[in-house]
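Here chain A shows up in two complexes: once beside chain B, once beside chain C.
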Partner chain A sequence: MSEQEIKSAVSHFILNEFLPGEDPSALTDTTALVSTGILDSIALLKVVTFLESHFGITLEAHETGVDHLNTIADIVRLVRSKLA
Partner chain B sequence: MSTTALHLLLDAAAARFPDRIAVEESGEGDLRYAELVRLSDRMRDRLRALGVQPGDRVGLCLAKSGDAVAALFGILKVGGAYVPVDPTAPATRNAYIFQNCAVKALIVEERLAAGLQQEFSAQGFAPRLIVLNGTGAGAPLNAALDQLDRGPGGTAPVVPSARPRPDDLAYILYTSGSTGRPKGVMLTHGNAASFIDWCSAVFAPREEDRFSSHAPFHFDLSILDIYVSLKHGATLVIVEEQLGKDPARLAPWIAAKKLTVWYSAPSILALLAQYGKLEAYDYSALRLVLFAGEVFPIKYLKLLQSHWTHPRYFNLYGPTETNVCTYLEVPATLPPEQDEPLTIGRVCAHCRALVVDEAGQTVPRGAEGELCIAGPSVLPGYWGLPEQTAKAFLLRDGERWYRTGDVVVEQPDGQFKFLGRRDRMVKKRGYRVELGEIESALYRHPAVKEAAVVALSSEDGVRIKAFVCARDSAKLSVIALKRHCSEHLPLYMVPDFFVPLEALPKTSTGKTDYQKLRELN
Partner chain C sequence: MAVAPGDSRGPIGARRLAFVAIAVQFGLITLLVQHWKLENLTFARLLQLAFIGFIVHHLLPLRFRLPFFALFSLASIFIVSVPWLGVLAGKVPLLDLLGRLVPGAALVGIGLVLIGVCHLPIPFAARILVLAAIGGSLAVLRANAQWVPALSDIWIILGSMFVFRIMVYLYDLKHRTAPFGFWRSVAYFFMVPNVCFPLFPLVDYKTFNATYYNEDWSRIYQTGVHWMYRGIFHLLLYRLVYQLAPLDVANLSSNLDVAGFMVGTYLLYLRVSGQFHLIVGLLHMFGFNLPETHHLYLLASSFTDFWRRINIYWKDFIMKLFFYPSFFALRKRGPLKAMALATLVTFFLTWLLHSWQWFWIRGSFLFTWQDISFWAILAGLVLVNALYEATTPRKRTLAASRVGLGARALTGLQTLGTFLAICALWTLWSAQSAEELQALTDALTAPSTRDLAILVGGMLTIVVSGMIWGRSGRDSSEGGATKAARAPFNFWRSVATVSVGTACLLALPALSVHGGRHVEHLVATLRGEQLNVRDMAQQRRGYYEELDEAQVNHRRWRNTAAPKGWHDGRAAILRERSDFLMSENAPSVSTILSGAPATTNPLGMRDRLYDPDKPPGTYRLVLLGASHELGTGVKDDETFENLVEDRLNRENRSATPAKYEILNLSVAASSLFQKQQRLEQVGFELKPDAVLFCIYAVDREFVVGHLAKAFRAGVEIPPGYREFLTDIARRAGIHGSLPKLVIQRRLQPFMPELIEWVFHRFKTECEARGVRPILIYRPTPTDNLDLESTGRRELLGPAAAIGLTVIDLSPAFEGIEDRRSIYLAEWDEHTNARGHRLLADTLYPQLAPLLGVGTSGIEAGAQ
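Entry: the complex of A and B
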């Protein structure tokens, strides 16, 4: 799966679930998601569940925090490392 | 033994158990009872040297830690009242709180000091600062005190600990305020002591107990964690903030730490039940599961009980103004057909309850009304708000009854059933949220013309929806609005959803029509 495909699936999920009505171009690769309150802790769990089921990967407990999931770029990097 | 002053219960326990561990911090080490006493004594002496006198307020802006526990006992020992704030909340909000109650001194982490000082200097406010280079089982606090001892004036002279009266202030907890500003709930040594002694009687803590410290110290659940554990020589096990929100990491941690008493808002327990893979770990040490702060969705409570079958479960109820005032021991297995939420149980032995109508008249048993509470745990009032204080109480037969604002009905068996709120306050993840405070924050956004906020209940708990109307029909970005809110509000108050509207619907009297907003989907 290409980087672009991963990015587009992740952005689409976050926009639909947590930012309904937002202009898709406002969500960039580097928009801080967790530290600015765009995703709260419950939303993060939903993101993790989505990543696991959509990409067929398993995230370790230490990978489910803000360090790995704060931006779309972080998330794409994590997913790619799991798929590699 | 009944509690008098809060710091004396620590000193008494330390005399019996000097070498037991008082506070344990993952990865940072621990503090034994004797060490905690020594460190809090040093804190007391330094605060006095800085000019803190009995009755003064002292701010705490630290991550939950052994350092924060030692600091708050030091504040109590000098006769002060501690004012803990959320270190992750915006500096503007915390600076407002410290200035509102005019703290004489402030104990703060270095990374947070500059932001606060910037706010203070704009207002010409200058409390004495004790700056810690982080937190971690007391080491940074010790280092900060060492450094002050080496400064001008030398080592702080040893002074005796205060002997407060029961009605002297022990701490002020700021909660969300409907006027857009947080308000300070004042609580005395006597208020806290009556609750702590009730906990001793009901939960029979032992020195072998290991208590979770999940709630932050600005949240009143921390009163049980800190004082009930330390009164009995038990260990307070700090749950670091990020860990406390992450069920995948928290579940194995609770098992590995062999916690015996867990106390938190229901929301994290619901997440543990759903995402914690609890079947994989050994929880045989756990003997008490206590929860408070909001309604526990019954579906997730049953799920939790299917994994944790042996502990006793208690639903505790009470606003910050009274701490826990009613409680229910939950049956170990709830009947599968039960889908009604739990009751809030019966009134605690140290409190009395009254249910009144709008006019303040007692309603017949079985009728709906507002729950009012009297007894030694009831607050004296709100800091600097005599009008709000007067409105919060009902005077009856020479006694002050705190009006909780919660509508209940008393069942024939004496248990109270919670029906809802009279006003616009909701509980989200156990925190009190005044919807008006969120609206005030939205109005501070330059492009927002009008804003209104409603709370909706869902299976995942309370969700907050904001309706916003932009000036000059500008398009407001949801991301920008969330970011704006996170700069003015704690994260748990940031709305979950934003809905743009041309204009807010109004009632015939020109007020925002919240009923209509709730119906908009």
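Entry: the complex of A and C
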């Protein structure tokens, strides 16, 4: 799966699930999601569930946090490392 | 792009100016901590050294700073345990010095072993097993601290440094989420100023490393001084609440009082948030750009929001080590179910780990119904809230959007609801007994218009605060460690705020003298570690009735617990009776009473030997009092009544009477009724010529305590007292099956009647026997102006109305700058030998003329 496909799927999920009605172009690769409070701990669990089911990957508990899930770029990097 | 004042790209002059500004503020904060006597003396001393350490640390090249901080942290352990000025002056013997170094050395040694085990070249599980074995052994030693007395001081701090931090450390070590090294580890575990604080924020290892000089130093340091300043503000607010809130449940008389009790109980947490701000602010001064530990927690707008804002480090710890792993382990059951179960697991472990922390501080586990109920209810509330949030997504926006008035109003109302619920929950958690909760509900009455207006006003204030600040805080309470989450920073505005604020607080005590006696006294009270009215009352109750657990806890937190055996003498002297008197002194006892040798004579008086039959030519006085008059903590010949007796005899130039005797019939914690009854049962048998009946501001508390005990025990009320007290009980709605606190609370409104009745009886019973009745008002050694003025007025008014002679000893302690100089000890506010001398010096000049000493006209009765 290409980086672009991963990014598209993740962005689509986040926009639909958490930011309905927002302009898709406003969500960039580097938009901070966790540290700005857009994603709280409960939302992170939803993201994790989505990533695991959509990409068929398994995440670890210590990967659930601002280091790996703060931006679309972080999430794409994490997914790619799992798919590699 | 603007350049920060400390940015290396900026002009060197601006960088130096920024550093000087920061150093000045740090210096002011150091002075402030000392000036207001915040926390403990040890911390004030350590902060002074930290100030010097900060300057040295900053001037060092970056690569040397972490080792310097680690070494400074290690040194702090020895700095606080050794009186270095005495050592330098050669006043501390070598053996004593070595003895004082042992606990610190043991703490460092044990800590280094624990860190070493984390890095042993053995499988990870084996390391955990070894650590568990060592931890178990240390826990056994902690539980039996008396086995190694030399180490008894280290357990609390060892627990504070290692119990939870080692879990975080191992977690990050296992997942290699942060760099590791000797200095990093030493700095992390022994970080200054942990040695001064048993309760310390649970800093995350990864964050500790990741935030080290991760921004321009000027911003990190300025944030540090700003947070220290904020911490000081919290601590002063805590003292204000502690001193002024109606926290004594036995004295609540209205809905407003009940609301004040509940809010005040919650606000006492300001002490923890203040300490944590102070601690994390200090860590900033050494480059650790850590996130906030608390974020506007009083304005939480839901239970999950509350959990996210209060003690954020603990929440992060529990999420990282338990919540996420539990969720991942359970996620096959479905996300919602996994989240719900993980939440329950999280709260169960939070409760258990709090108990484990309690064990290291107290030496025993905390398993109380209050604690279990608190965590169970909070878990339930957070769970329901989390499920709601998971199924009903909140509105999120990418850009900062304008929030409409309707949404803000809703947040305000949610803030109010959460605040009230947490107040109720906190009251349950802090309740010392079910009886206390019962007394609290008993105090609820039909609210007056004034009460309602104040309550509604208070609630509106919370709603408006929630509308203004509640919403923005909620959205940034997570992930606050990252730069992106930080608000714009204006260095010089922060400098101005801190400088002006600290300068004002430094000047406040001096300015308060112009605000009237009460303002001056309030500021003076806030500057000390004085107990509030409730805790002083508890101390008295504890002293007389058995020290209760809560009181022991409180004083241990304040490091002012009485040493073992301090109260043993009381048990030897005081014995119970089954009648209305309820207690008396055992005869012919020799013991150590609160640190001083004390004996009782064969008549059960803490006094010299006297013949029960008054010798001819003697003028005899009997003294009725409580523990102060008894001479708790002073030697037999140091009590103020013995000093006065000696002086009367020394200065008496007359042949008749040839001698004066003051027979001390005082018994600890005697109420007005007990003293009067003792006079009638014992005192009059001794054929006194005059009676010295001592009264004090805390008589109200003794009276309600005694009567509550008597009603509950169902003792027979003596004839003469029965009709009056039965009528009082009927009107107050009191019966023996009510809890003691409820009876005490219901008796409060009848105090004026009770006082007047005793005084009247005292006068008529004495006069019927030709005995001179004299009231002596004895001030309490504690400098509590409100208690003293209210209590004094309540007693002296009726005394004057009845026409009793009163000797007021109030001037005895006036003008004493530091009242602790007349306490027995930090943990015992009975007055010491100096206090007794002051009382005697004030009593004698007022008593002698009444007795005619120094004149030829000696009062009749000395037969």
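As a convention for this text, the second predicted complex is superposed on the first by the 84 of 84 C-alpha atoms of A that agree within 3 Å, B and C clash if a C-alpha of one lies under 4 Å from a C-alpha of the other, contacts with A are read in each partner's own complex, and residues count from 1 in each chain.
Methods note: contacts are C-beta pairs under 8 Å (C-beta built on N, C-alpha and C of every residue); 3 or more make two chains touch, one makes a residue touch a chain.
Fair warning: this is a prediction, and the values are worked out from it, not measured in the lab.
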item	value
Partner chain in contact with A:Asn70 - chain B first, chain C second, else both or neither	second
First, second, both or neither for A:Met1, with chain B first and chain C second	neither
Which of chain B and chain C A:Thr31 touches, first, second, both or neither	both
First (chain B), second (chain C), both or neither touched by A:Glu17	second
Dominant toucher of chain A (residue count), chain B or chain C	C
Contact residues common to both interfaces of chain A (with chain B and with chain C)	18-19, 22-23, 26-27, 31, 36-38, 40-42, 45, 48, 61-62, 64-66
Residue numbers on chain A that touch chain C, as the complex places them	17-19, 22-23, 26-27, 31-32, 34-38, 40-43, 45-46, 48-49, 52, 59-62, 64-67, 70
Residue ranges of chain C in contact with chain A within the complex	171, 175, 177, 304, 308, 319-320, 323-325, 327-328, 331, 335, 338-339, 386, 389-390, 393, 396-399, 474-482, 484-485
Complex contact set, residues of chain B against chain A	242, 245-249, 252, 271, 275, 460, 475, 477-480, 482-483, 485-486, 491-492, 494, 496-500
Sites on chain A touched by chain B in the complex	18-23, 26-27, 31, 36-38, 40-42, 45, 48, 61-62, 64-66
